[in-house]
Structures are given as structure tokens and as C-alpha cells.
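Next, two complexes with subunit A in common: one pairs it with subunit B, the other with subunit C.
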Partner chain A sequence: MSASALAKRPLLSRHLLDKAAVWIVLLILLIAAGFVSEAFLKLNYLGNLVRQAAPIGITAVGVTFVMILRGVDLSVGAIVSMSAVVCALVMDGKAENLWLAIGVTCATGSLIGLANGLLIAYGRVSSFILTLGMSIVVYGLVQMGTGGTARGIVSPGFREFLNDRIGNVVPTLAICFVIAVVVGIFLQSQTRFGRNVYLVGANPHSARLAGIPAVQTTVIAYCVSGLFAGLGGIALLARTGVSGTNPGAGMEFDVLAAVILGGTTFAGGRGGVGSTFAGVLVLFIALNLANVAGLPFAAQLTIKGIIIIAASAAHAWIGRSGGDRTE
Partner chain B sequence: MALLETHDLTRRFPGVVALRAVNFTARAGEVHAVCGANGAGKSTLMNVLSGTIAPSSGRVLINGKSVSFTTPAEARSAGIAIVYQEFSSIPELTVADNIFLGQEFRKGFGIVDHKRASSEARALMERFRIDLDPDAAVGTLGVADRQLLELARALSTDAQVLILDEPTGVLSLSEQRNLFEVIRTLRDRGMLILYISHRLEEIFEIADTVSVMRDGELVATREKGSLDRKELVRLMTGHEVSDTEAIVDSLAGGETVLTIDGITSDDSRILLAEGEILGLAGLVGAGRTSIARRLAGLRPRTGMTAQLKGKPLPFDAAGVLKTGLVYLTEDRKEDGIFGPLSIPMNATAAALDYFSSAGFLARRRERSEAATLLEQLRLVASSLDMPITSLSGGNQQKVLFARALLAQPKVLICDEPTRGVDVAAREDIYRLLRDLSKRGVAIIMISSELDELIAMCHRIAIVRHGAVHSVVANEDLDEHKLVLAATGSDAA
Partner chain C sequence: MNRAQLVIPFFSRLPPIVWALLLTVAFGALYNPQFRTVDNAMNVLEQSATLAFLALGQAFVIAGGLIDLSVGQLVGLVTVVACMGFEAFPGWGLPVILGCLLLGAVVGAINGTLINRLRMPPLILTFGMLSVLQGCIFMLTDRSVGSSIPAIDFIAHGRITGIPASLILVVIATVIAFYCLQRSTFGWHLLAMGNSASAARKAGLNVRGLALNAYVISGLFAGIAGLVLAGRLGTGFPNAGVGLELDSIVAVVLGGTPLKGGRVNVVAILAAVLFLGTISNLLNLMQVPTFTQILIKGIIVILAILLERPRWAAAPQ
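Showing the complex of A and B:
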């Protein structure tokens, strides 16, 4: 019948294009980087790249869920800061505190996420404003807690382990990032929670009619975002070794850039953790290239901003012309 | 002489030819219906004629002169105006301001002359005998009036050709009659009206000439007099389709499934038996959908109480669904489909309890069961992994039916189940509803198409002003009586 013929219109390619876009960009960037310097294509560099990206990448995995749900989480930068500080404080330079510190840090992140989720789901506040406010609250708490100086000492062995390279090639932190991505993909595709996130994000009205628990889904999604931000904070602490007073400042925008690059746009119900992984890598390779080209930090900031704008415009364009069919 | 002609008009999309060398001819002063199944190419043809899409090759001629336009604005200045299925008016503005949207009268300094707009609008309506208040805010208008507004908007450009795409989709019978009056006035003034519709009875009522499209080709253009309903359906589908014959089986005294109190005007109780199909007839805005949505837990159930198999119906949508009352929405886009998600994800959304255990999805089983069911429903799709928006209206509706079926309904409420659905898919939906009824599912069917209700329902409840005014058994009904009851003209 003709309907089947018409269904084959340009949609197929558009639909695939939307999913593949970020991977194509990643490939092009890698090839371009290879022309600039062969070092870019070495396993060593690539491992290093993933390691570098781990704090932002792990955080971005959690934020992806919130964004599929048509929300946004601007408090993750503050949660990363708080987690690094809390983790270092609880470790207090003692090896036996290691697991306790990790547990407390994860709980802290999840709790802030829980607060975000409850306020957004029940208070019906815009996630943009609420998480922005939350980030200011959390930054304030961190400043009060530390008194403005770096506090806490990491456990011995903590940095050494996470900054080690397995088989002398692949950094442990890079593996942690990959594990976070795998866990994220599992959550998103194999669990009721992940499916509910997509359904509510794609169309909240249809979701209600289909009996999907939107409030519960929202609350869990923000918890997940908070938890992954907590883990991101631990990864950051492992990289820097000192908690600083505000190590995660501004990180929410890198995270946002990576997630949007991957195709998880504000439209809801689209994208996913796998694409976010590619988005994170694209962002970091682009920044590294800028670095190699000798662009100053300010120029790199501009590049980041342009990436956010261009990526969301591109995905909106692909999504619009591919998504709908009149008649 | 022909007012509008196309010569070998062709439009290719990657992988498909939507229009194949179409040679279409239409005269001034006729209502020319263009029909065909979903995807036959009629919308593409209209989009080309109205400047929304450019043809790949071929020409369009108006009054024998070749014209070419690449935007709707250019098509409008060439004399072709289109009224879309979906409204594009702005609710906050008045009728007059909407009519002249984008072509406002100015007083200078960019200030809009509302008074002039209002008087020009009034003159326009009088000329075409359209009954609309130019100063009313559009947001306060009902659907029918908004439809008239869209029409007035198209007329404000002095069009010679007016394209109406499914104009009666949301109109009740009397509103439809009103619209047809306007259309006839326009025709008598020498305009050409291209009329796109799925509803055959409408085509026979309003059209002078009928063109049929199938698979991107124009298969026939006939005078209405030389065409009957069966022949038209055969031309559209390319094969014989059984006409919607009366299919009501007598009920073998099934057990009561649903009890509803507080929705009838005389405080009587409505009982729905296993396997029964109850129709809700009435004008648009009479409150049929409101009754359905209150039952489904989507709106507060003020004054209404309902019991399913003797137990009170829960108040929340999720709870209602769990007890086995499933509501199939009339507005697919608004709260039916999950636009960006795949077809199986759309189909299983209301049955995730069944497709998961301990919070983990059984994805393979989910996919295979959804695929099997969709195949039974004769879904036409190039790939299940495509977003549901890639499907035609009829096929989207089939996916929504699959969702409802997977939710194991005891009571199924379907609200305008055949709206925007082509002839072949309609037959599939009718067959499905009959099957469900035979399997003991009680069905409440809301429809604005009376012949559909009469063909499908055991009993029909007439809804007026938000309440059920009377319930009649099917044997006692014909279309005429239903119209009278629905409009309140039967009041003795």
C-alpha cells in the first residue's frame, strides 16, 4: 500500500541522522585531530582524554536522565563541589575512612537531588530556576563549611589507585567513566524507571493517560542526577587531590554542553546516555584542539558556548524536519 | 475552460514518488472533491498547489497561464488559498485581527488600525454570508466558529481557488450544514473549491466532481452523478471493500460491567453489559468527551459516580487503568502518541506491569508481543524502530488501539476512533471493535459520524448540555431521528 511507501520518505535517514550525528562529529574530530598531531590517535592520549573527561562525563550521565524528562539540572556543578569537599573531610587523611567517605558523598549528592526532585515534582517549579537556586544554596553551604579554604585530606592510596593505569595503558578513572556510562545505558534501556523517563519526557499527557507515575519518575531522575554528580565530585577529587573551595564551579555548563551535543535536547524523550558519552568526548577533543592551537582560556569558553548553541540548533533542525508528518 | 490545471506534476521524495505525472483539471464554479486513502498523495498535491512544497517537475496553470510559486504567500497572490485541518489562529486576538494577520491595516508609524480591520472583516463576512462577530476574541469561539474564521481568512485574499483540507473533522452536523451553505455560496460566485475529505457521505453531499488519487496517481475524475459509494471506495483502495453494513448482533444478556450514576438528566443509572457497545452521540461541545475523561480519572468526577464490576472506580488515571477501564483519546497528538518514541514503545506504554518484573523490562518479549499484535491489526510501517510520528493517522490510531488492548480492557472508551483515518484502516478498526465486543469487552464509542454509531452500537446515548438526555436501542433509530435528538429539535 502507498502508506508504507510514504512512510519511507526522508524520515529514515533523518531519524538515524539524529542518533548518529554526534558519533559522526566525533569521528570527524578524531580524524582532524590526527592530522594536527599523530599523538591524538595514540591509545595513551585517548585514555588520557577519557580520564580527563571523567568528572564531567560521569556527572553528564545523570543529567541525561533529567534532560530526557524535559528538565535540566544546573545544580550539578555545586553538587560536585560539595561532594569533593565532603569526601575529603570525611576521609580526613585516613585509609579506613575511604569507603565511609564515598558512601557519605554519594548520599549527599542523592539527597540534594532528592530535594530538587521533590520540589520540582510537587512544587511544580521550573527546573531551570529551581536547580539554579539550589546551586547557589549549595555553593553557599560549601563556603560556610570550608570557611573559604581547602579543607580535608584525602585517604592515602585513593589518588594513587584512581590515577593508576591498568596494564600501564588505560587509566582507572577512564574505566570508572565507562562503567558509569554502562550503568546509565542499562538504567535507561532495561529498567521501568528508564522507560518511564522516556515516556514522561516524550509526552507527559500521554504518560498520565497510560498510568505512568510521573511524580515518582521525576523524583528518582533528579536523585540519579545528584548521585552521579556526587560520583563526579569524587572523580574530580581524585584528579586534583585537594578539595579546594569551589572545584565544580561552572561545571554545569560543560555538562549541559556535552548532553546537548549528544542529542538529548530540551524537547524531551530524545537522546540517551550513549550519545552523551560521545558528546563528552567531542567537547573534550574540541577543547584540546583549541588548547593545542594555543587559544587562550577565554577563547575556549567562547567555543564551549558556540558548541551549545550550534548543537541544540542542529538537533532541533534534524528533529523538526524528521519528526513530524502531516496528514 | 479549466480554471486550474496541472501538467505532469511530479513530486519525488527520497525513496518514494508522492505524485506521479498528475494531470488534474478543475473548473471555476464547482466543488471538486479530491479523495484517496492516507498517503495517496492528495495532501502532497494540495501542498504543491498552495506553495508549501515545490514540485520536482511539471507545471501548474491558472486560467491557462503557467504559474510558479515557491511560498504560500506567492500561491495566495496567484489566487490559491488553503484552509488547513489544524487551526492557526491566535486565541488572544479578535476575529478581525486574525483575519488580517500579516496583512494588517496601518495608520502610519506601524500602528495597527483595529477599527478598519473590524469593518473590513464585517464586510467580508456579509459578502460570503458567514455568521461571525469580528470583534469576538478567538479564544472564546467554539471549534466550528474557528473553522469559519480560517475560511474567512482564506477568503480575505480574493482567492479564485480555495482548498479545504478535512474541514468537517471537528464539526457537528448542524455546523457542517452551515459550512456547506457557505461553500455553496462561494461556488455560486464562481470560485473553485477543492475539497479534501475522508468522509464519503460528505463528498456525495457537497461535491460536483470527484477526483480519486491512489499511490501518487490521479486514477479518475468523475462527475458525482456517475459515481456511487461502492465504486468510489473501489477506486480509492484499488479493490472491493465491504461497505459498512449494519453489524449489530443482539446481546445475549451479558453481565453488567460498568454502572454510571449522575450523568443523566433524569437521574437514572446507566448500565453497561459485557460485550455491549454503547454509543455517545451529540454535538461537539455537548460534553461527550467530558463524560469519558471523567470516567478515565483525567478530570474530577464532580457529581458522577461509577462502579466497575461492583467496585467503585478509582479517582486517578493510573488506578482506573489498573481496574480495566481504558480510555482511547480523541486527540492523538495531545495525549495519545509519544512522538519521538518507537512504535513498540508506544504500543506497550500502558502495559509495562505485564512486560516487566521487579523493575526490569522484558524487552524481547515486549517487542515480539507488540509486533504480533500490530501485525494482527494490519499496521503498515516500514520499520518498527521508527518514531510513531512517521506513521499515517490511521496507523498511529492502530498503535494506540494496540496500547489499549495490551492493557487488557474490561471497558474500552474510544473517543472518535476513526477521526483522520482512511477508509481501509476504518474497516480494520470496526472489525476490531466487533471482535472485542464478542470477547466480552464493554465498549463506549464516541463519534460525530452517526452512520458509524448506528452501524456499530447496540444502544446510543444522546448527550446534550453535559448530560445524557436519553438512551435508545439501536433498532429504534435512524440517522434522522438521531440528528433531531442531538440538536434538541425533538423536544415535544
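Showing the complex of A and C:
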């Protein structure tokens, strides 16, 4: 008893360190960036950074819930593609279709998430392979729907509004991202669903024995992931203006990288939306720094890989539970 | 009567994927005259070789409860390095080939060592390695470079008395993999680790050594796959390996291997590779549009994992 009481204190600080780690890294990176160029610390740049990160960031908020739950969602890249295409198609260049398009897009994303969640919760299969299969299905559907060419026209005012800057400083899209993060934090810390996600993720078996609706929680989590991926698709459409045929290709990898950077590991029960926000920013600042330093795209890919490995190793070192593959 | 008693259990014990393969082949042979030619069959076998090598390597890793997401980009890297090497050092074919195999093994060793030393989840580490290797490829080149050599071309396209040379290599690799995984002490230990790493360690197994070996083997197989792909393409295409890691995992899972490891059937995995190849070939012959083919492939993956219902499915999600 006394031993556990003694061990409790360092454990608590380690927990805090685990939460703060990504923010510390973000701070260090920002200071380092400030030394490289004054521009990095200007509000204008920071606003731009958050705006640039919005599509991936918004999507990452949803994926965080799935990852806390010990799952993974590889279908988000395809959902982002699908949402961008669906949104542009429904808008059809008419201003009055704007809200209908956004509604339909959100519904589409949630529906795919729902399918993911139901199949994973009731089929009790590996989320890795299932969402991978789902991403191939969705990708196929998008390609069939578009016939391999960019289709659909965005509503007038849609791009203008989202790419505008409020007070000429803060981009609207950056605010959308921040709102998505706030909604995510609310879901995670203020709702029963959020609490259940952590409990089921930390120990699915005990959670079920304790009477927590694991199946329901799983289904909702994948739904949330799909919904946020849908919103991420809308954000991407706002930035590019053209739906393309597969604009979200490979985005699931960047999203995963950001979530892992934030400290939400595959072990489940740890991390959170706030950390993911910091993770997204760390990823983008690091890539921007590489860009400013004149490193070629190839070097940036390598840096991204090394960041993922280093961040995960650090989190494993801090938490140990995250790095123990013996379970 | 006696005969039936022998035959029925044999067929009922066949893995489901073998049935799926047999049914697909039977369907194709009945309804498509182009499909049932010997030439087409040999083509399918030849085209499946790259994925077969990758899946065999992946089988070692997944059997041990690990995963290797880096193999796809490793194939790309080997393809590029091999073709650059062949062009830069004419007449030095064999050393370049050996160098490429060594490159695969070294990347595997780095994966294994980092996972052991940093105690990281293999999924994340090899995922990071995927990005690192992709960066390495594009640092070398951003377009197709170099060319293949006749010896490699022969392995990829050549026929020995009508049988593709790549098929012979795949069969040899399968026999070796079968022996290593299902008939040797190393295989038993690897499967024990897949079942429960902590139990395996408590039983005195060298868990770290096993993981390292599994990754080196996976890297080596990726090296072979990269060389075969170099022969098939005839040039070093930087994006040659994109997505192959997922294909190899799908093949291993279709072959009845749970992602948590502990169970493996090498022949079923080979059947899964052939199944994927046959489906794709059949859909091409039936002139199904590419996009519909993608959709069908995704549905197959989802159905396969739902129907397989592995043993560990009983565990809570």
C-alpha cells in the first residue's frame, strides 16, 4: 500500500509531462522559428499557419476520438475526398445550395463513419484493415461518381467567406479549425461520451464489465471521426476551390502523424483533442521551417518520418505504457 | 467409403481463402474463354510475384504480433537503387543485386533495432520509416531512372520450359517460408511471441532477437520484391511501391493470419495473393471499369475480414 502511495507522486508528474510534452515542443519550435525569421512570430503568419493546417487539423480532431478508443481510422483521407466532391457537386455553383451542400456533406461523412463504427463494433474486427477496406470502397465510389475528372462548382461566396480574414488578421478558416478543436474538447471533457471513450480505450474489458456501453461508444466515435473528416473536406474545398478527383489522397497519413505527435498513441486511453491541436501545429511549423531552410520536398518527407518516430519514442519514454507492445 | 473419409476432412480443412481462389478460378474458366488459356494463367502467376514476396515477408512480422508498414516504400527504394546501380556499374550486376538485398535487410534491421531499443509500437515506427524511405527515394530521384539488366528481366519475365521464372522463385521462397514459420523452432518461437509477448519472454525466449530477425527477413523479402519489380518495370520508378505495404497486409490477413499474430498459414497467404491477382485479372478481362474494380477490391477486403472471424474476435473490441 505504502509503496503505491509513494509511487503515486512521480506518476502524477509524469502524467502532466505527458500532456505538456507536445506543448513544450511547440514552444521550442516557435522560439527556434523566431530565431530563423522574425516573420514566424507575427500574428499574420500564425493565422496563416492555422489556416493552412485547417483541413488536416479538423479531420485530426475526429480521429483523436477513435485513437483514444484504441482504434484507427484510415478511411478519413477518402472521406475528405468524397466530401469535397459531394460538396462541390451539390453546390453546383448556386449560392442557395450552400447550406444544403454543407448538410449533405456532413451527413455523408457521418454515414461512412457510422458504417465503420457498426462494422467494427458488431463485427469485432481489426479497425486497421476494416477502415482500410472502407477507404478503398469510398475512393472507388468517388472515382465512379466523378468519372475521373473534377466535377461540381462551388457556390459563389463560399470561398470568399472562408478565405477571408476577420479584421484583416485572423483567417476565417483558422477560426473554424479552432472552433472544431473547442467542440472536440467539449465532447471529450464535458460529455458522457467523452468519458466513456477514455474508459473503453484504457481497458475495453474492464469498461464493459463496469457496464459502460462499449459498442455504442465505438459507433459514436467512428461517426464523429467521419463527421469531422466531412468538415475537413469542406475546409479543403474552401482552400482549393476545385473538388478534384481525389484531393484527400494520403491525408490519413498526415492526420495520423499529427494525432500521434500530440501523444494519442495506438495504446488507447491517452491523449486528447487539445494535444492533437498542438501536434498539428508542430507538424506544420516543422515542415514550414524545412521549407524556409530551402530543403527539398524529399527531405521534408524524411523529416516528417523522423518527427513521428521521435515523438512516439518520447511519449513511450515518458509514459512507458504507450510503448509496451506486450500489453 | 474409405476414400470419402479421407477426402472430405482434407477439403473441409482447407482455409476459406483457398476455396475462394478455387471458386474464382472455376467461375473464370467457365465464363471467360480468355481466362482459361494457359498463357493467361502464367501471366497472373507472373504478375503476382512481387506481392507474393512482400506478403511472405510480412507474414513473418505479423505472425510475431508485429507489423511492417515500411515495406512498400522499401520496394520503391530498392527498385530505384537497383536500376541506378545497374546503369552506373555496367557488368557489376551481381554485386548490385547483393547490395540491394543487403539494403533491404539493413532497413529491416533498423526497424527491428529501433522498435527494441525505443520500445515503440511497431505500427508507429514503421509508419515513420515509410515516410523516411519515401524521402530517401525522392532525394535520389523524382523521375524514372536507370534501367534493368537482362538477368533481372529474365527473373521478372523469363520462362523456363513455359513456366515463369518468377513463379519458380516464389515457390522456392514459399517452401522456405513454410519451413521457417511452420516447421522450425524459430517459427514456433515467433508464433509464441505473437500469441503473448510477455508469456514468451517469461518462458525465456529472446523476444528482442525474434523481433529483429522477423524484420530483417521482411526487409530481405522486400528487397527481392523490389528487384523483381525492377525487372517488370525495366526502370527505377520512384512511386513503384506506393500502397504495396497495405496490399501485403491485406494478403496476409486474407490468408487467415490474425493481425495480433500467433497463427500463420503460408500456403493460405500465397492463395490469398493469387486470389487478389486472379480477381484483378478476371475483372480486367471482363472489361470492368477501373473505378468499379477499386470498389470491388475494397468490398472484398471488408467482407474478408468480416467473414474470417478470427479466433481473437471473441476478445472485446
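Convention: the second predicted complex is superposed on the first by the 311 of 327 C-alpha atoms of A that agree within 3 Å, B and C clash if a C-alpha of one lies under 4 Å from a C-alpha of the other, contacts with A are read in each partner's own complex, and residues count from 1 in each chain.
We adopt the following convention: contacts are C-beta pairs under 8 Å (C-beta built on N, C-alpha and C of every residue); 3 or more make two chains touch, one makes a residue touch a chain.
Because the structure is predicted, anything quoted here is derived from the model rather than measured.
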item	value
Subunit B versus subunit C as contact partner of A:198, first or second or both or neither	first
First (subunit B), second (subunit C), both or neither touched by A:256	second
Touched partner set for A:208, first subunit B, second subunit C, both or neither	both
First (subunit B), second (subunit C), both or neither touched by A:267	both
Which of subunit B and subunit C A:189 touches, first, second, both or neither	first
Superposition-derived comparison: subunit B or subunit C, residues of subunit A touched	C
Touching both subunit B and subunit C, residues of subunit A	205, 208, 267, 323-327
Residue numbers on subunit C that touch subunit A, as the complex places them	65-66, 114-115, 118-125, 127-139, 142, 196-198, 201, 246, 249-250, 253, 259, 289-302, 305-306, 313-317
Residues on subunit B engaged by subunit A in the complex (per definition of touch)	13-16, 18, 37-41, 43, 214-216, 296, 298, 317-318, 321-322, 327, 329, 334-341, 345, 349-350, 352, 356, 359-361, 363, 380-383, 386-387, 389-395, 403, 420, 422, 424
Touching residues on subunit A, where the partner in the complex is subunit B	1-13, 15, 189-193, 195-196, 198-199, 202-203, 205-213, 267-270, 319, 323-327
Contact set on subunit A toward subunit C in their complex	70-71, 119-121, 123-126, 128-130, 132-141, 143-144, 147-148, 200, 204-205, 208, 214-215, 218, 253, 256-257, 260, 265-267, 296-309, 312-313, 316-317, 320, 322-327
